[in-house]
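Two complexes, one shared chain (chain A), two partners (chain B, chain C).
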Partner chain A sequence: MRYVRVLLFVLVVLVIMAVPLALVLARSYFLAPTAQPVKAQPIQFPHQVHVQAIGLDCTFCHRNATTSAQATLPPIELCMQCHKVIPTQGRPELEKLVAAFEQNQPILWNKVHQIPDHTHFVHSVHLSFGFQCSTCHGDVGAMGKPGVQQVRDLRMGDCITCHQQNGARTDCSVCHY
Partner chain B sequence: MRRRDFLKVAATSATGAVLFAGCGRIGDGVPETEFKIAQPVHTPNDWVYGRDAWFATAAPPEQGGYGLIVRVFEGRAKKVDGNPDFPGVLGKSDARAQALVQELYHPDRITGPQRASTRGGQVQSISWDDALQEVVGILREAGGERAVLITGRPSSSQAAIIAAFRQATGIRHAILEPDEFVALRTAMRRLFGTSMLPIPDLANAAFLLNFSAEFLHGWIAPVALARAYGAFRQGHSGHRGLYYHVGPRLSATAANADRWFPIVPGSEGLVALGIANVLLTEGKLPAERFQPYLAALGLDAARLTSDYTPERVAEASGLGAEQIRELAHALIEHQPAVVIAGTNAAATTNGLFNLVAAFGLNLVLGTVDQPGGLLLNPEPVLPELRVPDDAILNQQQWAQLVEQIRSGSVSTVLVHRANPVYSLPATLGVADALRAAQHVVSFSPFFDETTLLADLVLPDLVWLEQWGLQVPDPGPGYAAVAIQQPVVQPFADGRAFGDVLIQLAQQLGKPLPWASQEEATKTLALGLRQVSGGNIRAGNDSEFLVTLQAQGGWWSEGTRGQAGTPATAIVQPRDPEFAGDAGQYPLLLLPYPSPAIGYGEFAHLPWLQALPEPISTNVWQTWIEVGQRTADELGLTTGDVVRVSTPQGTVELPVYVNPAGQPGIVAIPFGQGHTAFGRYAEGRGLNPLAIVAPQSDPDAGTLAWCATRCRLEKTGRRTRLARFEGMVPAFQLEEFPIVRVMPPSA
Partner chain C sequence: MPRWGMVIDLDRCIGCGACVVACQAENNVPINTEDVYHQRRAIAWIRLERYWEGEFPNIKARYIPVPCMQCTNAPCEPVCPVYATYHTNEGINMQVYNRCIGTRYCAVNCHWHVRFFNFWEPKWPDSLKNQLNPDVTVRSRGVMEKCNFCVHRIVKAEQKAKVEKRELRTDEVTTACAQACPTNAIVFGDLDDPNSAVSKLLAQAEHEGRVYRLLEDLGTDPKVYYLKKVDIEAAAEPAAAH
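Showing the complex of A and B:
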């Protein structure tokens, strides 16, 4: 009987220890960037139409991705090179784009992939190594309205794991300089 | 405890802790605009190559006003560094400059104009038009001599705008600077006839004698002086600069010295006189060099040689007579030598005397304006860029102004980037006076203690969002002006303070010469083009401005500082006095500015809160530093909570035992004790001004916050100090034995 009581006690302690562990894991899971809902954007931009239907390459708009640190958003004038001949009537999202251009107002997007300011991420290095945009950003070309969702964690653990798997350096100064 | 109770408590606390920690979500408290990315209509220059752009700007006046550069991409300021071209700093910066980005993205920034229903009560957002209209109404009803504008030290271009606003409206201007700088400027006027701060030419000096100035951790120019200190120690092959520190506390700056001479607080001036005595009696320097020194102190050679012998000075200062002779001989043996004084030396009841006696040694040594000596800085090359001396108030003048506010003769108070409710001692009753004032308008971008008492808040933009010109004070020894330009679009609906003054003047029907702060900055900057000898060669105004913005400043190495006519007031030698009976209060209380958060003006920035104080490695709190011997006598160890009593009041603080602390002296850092000023500043620690007796220096009129006695009593409670040092037990390695610090009783 005594052993049963000791066993019971150990079991209860284990259960008690498991509760906070489970909560910590749950917190990590639900608060991960990839678990967040799609951010509302000023314009519901469909990548799907531009990539899958029209066949544009990512770098047609994000022109600096292969050559520079930043992929960069295209300026509105680049959008308008095509959209000046595409009818906007009955397409409220396109009307917003044209209005921004005509009123000379920048469009304020909610940033989806946010890497901290003290981290340097160089797009061109990763692309020249042979990675695809989709390695980090997922199949953005298949994402339609309402907008892009983050599909990969992109926090430090994720960066280091990937660097280790691919034989890249993991010194602090690789990213924090 | 029974097993069942144990299980209940364990389960409840573990689950509760995790649930509590789990509340919230990613990005909690982050301003809505922080993670916005602007898609511009046309391609901006810095997007063409997809690389970060670096923009030149200037540090705020309270950080020295030197040149900075900021890394920016997609409208987001990411990193601050020193401007590699800017004289003095040459690419260096410090933690305070780095933390400027945290002001931009601070979750507690005031997002737009606010009106308070009651003072300290609920606030509601209003439009800029309404806010300006209300302030115009106030200035019409109770402006002119009945209104006062209280600011921190303004930037040089803000000083020009404020001067024009004063002239147009007749409003008074009062500048709130830390008392040690008020005393330092008074000392400079007395000795050298200028209120611009000097800078020691450390890079070329062979010997530095420092009386208590925290020149590597705060003080007047920590970045330029830290860089020069590197050259002083290691920049010359064959010899290493020698540094002696004379002061009451082994601070981080003192710990850098080759030798530390611990003294009684406030006896710096006496030690300096003892050194002068040795130099004069031994005849190692020409006697005529002593004349201006003796004149400033109202002494003659006979009195210096008879009254301030090393033996007499040794008795009062706690040093040995031989040590004083040693200091004097070191000044002669290691040339060029430079002497500086400040921080605690300026904050005793004889602070001005300490500064005059110590800085005056440079006159005796003949190293003023010489390589390796004390370099004086010129007045700003454009008169508009001068910060008016008469607006900088000392403690006695603040007391008079507060009384005028309380009595109603000053009924309108405008406050910009100053926090008198926190920064002035509670005995002045600033908060009560502001409550009694008819109108209080704040221009702060944060709800600090003073802004909470305002009727209207018209938030200023933060530093990286504004235009301006800044004369570094102290400069590098010659004329320099840094240009401040906005590196990002404003993240909040604020307006630059200069713009608001210009718009108010416009609506009052008394327009200022400029349409905006940007125009004022550029117009004043173009004035520099007319000054010969500058670093910028330009064919026209536009080219001049572009080059100025790209280089981050204008400087002219030929325009050097020179001594003017010293002020005539004599600063009599005097001994320090301490409030409180020595029997009842046996210890001396030594507050000191925090190396990271200063006098509390940077307490709202979490990076600086988390920066360990170099000696104790404590963060985020206030503690009382007690020397090992005193701690042994009182039976105290680190983490004990003690009751600190002074004639002014009683507080409780945790103890940090410093093995190198002087017996009989306890130290408390400034900076904490905010009851407002954002989530990172509020409700932490204590403002030492709460227990400092209202002693003042009768010569400078400044608060002597280093002139109070205290006693400590154990409460029997303990707390855990957040710090780096000693959190992991040390273990012995055979090849590297640990150095043990033994208590004196062992």
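Showing the complex of A and C:
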């Protein structure tokens, strides 16, 4: 019986210590980028139609992915090269595109893959080493109406694991400068 | 693997301060107000030190631009408790902003006073908001910052070389201060490459006996080399006295 109080004390301490640990784990689980709902976009752009049905390459629209840090979104003019001959009647999403073009207003897309400001990711280098867009972005071509969803964690642990597996540099200044 | 270094020819330096301005603009360094100067908290990754030599009327102004020396045995590195400052294998003394917890030990341990602490959130007037360099992180309050030989330019050039499947060419990269210098007093390049501009300049100046480094005797092996001023009048004076 003399150890009961000690045991009880140890138990209580362990439970108290487990609370912040559980909170941290819960935070990283629920705040994981992949666990977030699909972001609303000004126009519900269907990648499915453009990639699977028409067969466009990713770099047809995201033109700078192979040459620069950013993959970049296309200007509306590029959309309109095709869409000026595609009927818009009864298609509200397309009407929004044409309206934006005619009013000379940019479309304010919501960024899906958010990487913090102190991290510099460069698309061109990753693509030149033979990685596919889908390695990080998933099968965007199969994503339909609601919008693109982030399928990979893309937090520092994820980046470093991949860098280690592929023999890339892992010191801080590769990404942080 | 290059070993980046810098040569500053004080015989060419005219003290115009173009390097200071270029660095400020390139690296998103916040603008130092008068108030900040009086508190001695001004941030300038490269600063221009001015000395007076001689007595009036034979007085001369001497200028020394002082960036981070990128010491090989950097005294600032071992004191960081969180490894926020470390040496890259290209010999650059890097500061990892998101790792820094702001103990400022490194600034205390730096003999050249080239490490700066962000005492406030950085602010720019609205007219300058769009001139920020997207390749450089804007440092938030509470972290150290310092010259890193424009590492974003080096990284960009290396990535370009990788995409084009070639090696980095000699003198392909230069820093903002070296680029802005109107008299080419600042030269940046690979110290290990015998064909680079810095190596050639050093070899020639070594022959003339002009090479020195700031606080060289501390043994930290800085990678910024200075070339002594050639003062023709001073050399002529002892002869004239006789």
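We adopt the following convention: the second predicted complex is superposed on the first by the 153 of 177 C-alpha atoms of A that agree within 3 Å, B and C clash if a C-alpha of one lies under 4 Å from a C-alpha of the other, contacts with A are read in each partner's own complex, and residues count from 1 in each chain.
Everything below uses one rule, namely that a contact is a pair of C-beta atoms (placed from the backbone, for glycine too) under 8 Å apart; a residue touches a chain by one contact, two chains touch by 3 or more.
All of these numbers come straight from a predicted model, not from anything done at the bench.
In the superposed model, A:T67 makes contact with both chain B and chain C. Looking at the shared chain after the overlay, A:S128 reaches chain C, while chain B stays out of its contact range.
By the touch criterion stated above, A:C172 is placed in contact with chain C alone, chain B being left untouched.
Touching more residues of chain A than its counterpart among chain B and chain C is B. In the superposed model, A:P33 lies in contact with chain B only, and not with chain C.
In the superposed pair of complexes, A:A53 makes contact with neither chain B nor chain C. In the superposition on chain A, contact is made by A:V13 with chain B only, not with chain C. Within chain A, the residues touching chain B in one complex and chain C in the other are 67, 69, 117-118. The residues of chain A lying in touch with chain B in their complex are 9, 12-13, 16-17, 19-20, 23-24, 26-27, 31, 33, 36, 63-65, 67-78, 100-101, 104-111, 114, 117-118, 123.
On the side of chain C, the complex with chain A involves touching residues 86, 88-89, 92, 94, 96-99, 135-138, 148, 151-152, 155, 159, 162-163, 165. The residues of chain A lying in touch with chain C in their complex are 66-67, 69, 116-120, 122, 124-125, 128-129, 171-174, 176-177. On chain B, the positions that touch chain A within their shared complex are 3, 7, 10-11, 14-15, 17-19, 21-22, 25-26, 33, 35-44, 47, 49-52, 73-74, 76, 78-79, 101.
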